[in-house]
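Okay, so chain A shows up in both of these, paired with chain B first and chain C after.
And now, the complex of A and B:
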């Protein structure tokens, strides 16, 4: 496994919050200084641990949004209304605070860039986060691998990283981004306005004959539907990697 | 200490039932590394193979004719959620192992889709593990591993392999799918054995 981060003991480390980016009203990116970070692969996640004054602790997993090449560690967090950890990360945390985390975790839902063949990324809602790490890694590698992102959100306001995705797509280095808005489309919307199904995947994705790698991340229903549609359209199940990113996770 | 973090304490009655680092859910999250396989029941078999005197295979019909039981257990996923009092219907792994001659110490569960996970034999023996085909009074949903999954509730739930098709017996422990990717070889939630070195 080329590019694999060394799999040793995962120790907790304290990282300082260097920057907070409001991506959408519900989504924030935490940029962390992590001097002891061992490196990661695009698609991996971290465990975050919060400790209250009385010692009570809560842990959750968050996908890494930054590329392995970046000298920063960025996590993108969606605030869940009844969550325990995400409202703290999104609303309470300020620059200069310390955040405890360990990682990187997960070695299957990863794209290193040396796999060969075209890549299809399909993200629903905040499921786009680990796919963003892949898109950024793609840009950093600059090897021209054909990569297409199909990103489904409810409304335009919910689209995370829109400007950067459009910039990445404008580089002409093999990356393309397609958006679909399932609930509301603004006037003059040029993207898609429907749920991701087999027909939309056929339009945006790669023919099965090209043997693409597919990465699907989003809520359970989204992932089930997209992964099944990809299998039905002839993609090899072993080429389809999935990750769930749903309201459960707090 | 996390400045300004209050946290949400769990109800007193449940506190002894939730392992460290876990939180309770009411729904049943789905986690899989790939698409959900759909093996027709007429093609489904369950096999005990590996270091056995003679491998043994059951068809779905034969498997369902075995004695089964209702199991009520708490389950704990390494992604931090725990769910209390889940109710399953399944065949005890003891019932299946009784049909083969062996002196193995470990098993690898193998599944549709290529997933594997490793366990010490004693963790799937003596009433600690089942091949579950029902959940909450219904046939087990494919998303949750149907038609049948391994159920080993005392270990993290990735050990309870979905879409299980058999057990390969061995005299040595070899890592399965997640175990080769940094997850703990044993996975005891009460000792918080999530990853290598935990």
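And now, the complex of A and C:
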């Protein structure tokens, strides 16, 4: 065992940026080459660490967007104007650069697909990223689990993965996607145009009697409002998993 | 403060670095109020020099983690009465 990594302990590893995909003007997907990647579960995240020349370090968590089956590691990053890390990841990083990360991390906000019962995914802004991993995992599994995504964004231009989500929903394998635009709705918009509240959740989600699993991810205020509304509508709190990101997400 | 609040998922990397197993699914009991729940469902404040994990029921401090950015971590868990780990 001499020289072997300590069993199970997270370690930082260097990954090379293999591809950059512009999802929206503010959001990029980083596809990373990670030769020692042990694989991950849908909903897990990684920690990314940047080190300045003077040794100053900044560390942030980013959700994994790719499905476990894809054999690649994709992170989707939203550029926050006053952020310390995200502007670097979104603007400065080029293909071939190296990035220090550790993961996969987490086991709480995870959907493996064997839990049974319908699934409700509720995402606010870039909170859709770990939910996208779940939607992609759902498509790869192909077991027909009923899964609905309610995705709230400010404007249509801010919607990440829109084309792919519509394609996934068109497969007819149990996945449905609903969009709500809270600030601007383009002419002829067929989706919702309001904040996520109890009434909208009742329209899109599953009745409490179906005992659905719910995954809610987004900014702290969004997550807490949605989780409270779900509890008020009778969902079991133990079935509601939340993941918040705040200003430190930058 | 509400907008600064994260959850146990945000502390998962540092906790796993210390414990060497996935911690967010472990079930903790709050020493202050007795509430029981998964570490992933706690409230986390990461703006301090370290990370402060608080009980979502009573906001009592459960765990504090600090590290020197190199090889040392400090862990204080007097707010956790017990931790149930499933492996």
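What we mean here is this: the second predicted complex is superposed on the first by the 241 of 250 C-alpha atoms of A that agree within 3 Å, B and C clash if a C-alpha of one lies under 4 Å from a C-alpha of the other, contacts with A are read in each partner's own complex, and residues count from 1 in each chain.
The working rule: contacts are C-beta pairs under 8 Å (C-beta built on N, C-alpha and C of every residue); 3 or more make two chains touch, one makes a residue touch a chain.
Fair warning: this is a prediction, and the values are worked out from it, not measured in the lab.
Novice: Let's test your reading of the overlay: on chain A, do chain B and chain C clash or fit side by side?
Specialist: Superposition result for chain B and chain C: clash.
Novice: Which partner does A:231 contact after superposing on A: first (chain B), second (chain C), both, neither?
Specialist: It touches chain B, and chain C stays clear.
Novice: Classify the contacts of A:162 with the two partner chains as first (chain B alone), second (chain C alone), both, or neither.
Specialist: After superposing on A, A:162 lies clear of both chain B and chain C.
Novice: Check the residue A:198 against both partner chains and state whether it touches chain B (first), chain C (second), both, or neither.
Specialist: neither
Novice: Is A:58 touching anything from chain B or chain C once the two structures are fitted on A? First, second, both or neither.
Specialist: In the superposition, A:58 contacts chain B only.
Novice: A:92 contacts which: chain B (first), chain C (second), both, neither?
Specialist: In the superposition, A:92 touches chain B alone.
Novice: Considering only touches as defined above, state whether A:72 meets chain B (first), chain C (second), both or neither.
Specialist: Neither partner.
Novice: Applying the document's definition of touch, where does A:50 land relative to chain B and chain C: first, second, both, or neither?
Specialist: Touch status of A:50: first partner only.
Novice: I'd like to know which partner A:245 touches here: chain B for first, chain C for second, both or neither.
Specialist: second
Novice: Pick from 55-63, 73-81 or 91-99: which stretch of chain B gets in the way of chain C?
Specialist: Here chain B runs into chain C along 73-81, and the other listed stretches stay clear.
Novice: Touching chain B and also chain C: which chain A residues?
Specialist: On chain A, the residues that contact chain B in one structure and chain C in the other are 7-10, 47, 57, 59, 61, 105-109, 220, 224, 241-242, 244, 246, 248.
Novice: Would you pull the chain A residues touching chain B in the complex into a rising list?
Specialist: Within the complex, chain A contacts chain B at residues 7-10, 47, 49-53, 56-61, 84, 88, 92, 97-100, 105-109, 220, 223-224, 227-228, 230-231, 237-238, 240-242, 244, 246, 248-250.
Novice: In their complex, what parts of chain B are in touch with chain A?
Specialist: Against chain A, the touching part of chain B is residues 1-9, 20-21, 23, 25, 27, 29-37, 79-81, 113-114, 143, 177-178, 181-182, 194-198.
Novice: Okay, in this complex, where on chain A does chain C touch?
Specialist: So the residues of chain A in touch with chain C come to 6-10, 45, 47, 57, 59, 61, 102-103, 105-109, 219-221, 224, 241-248.
Novice: Where on chain C does chain A make contact in their complex?
Specialist: 2-10, 12-13, 16-17, 20-22, 24-25, 38-41, 46-47, 69
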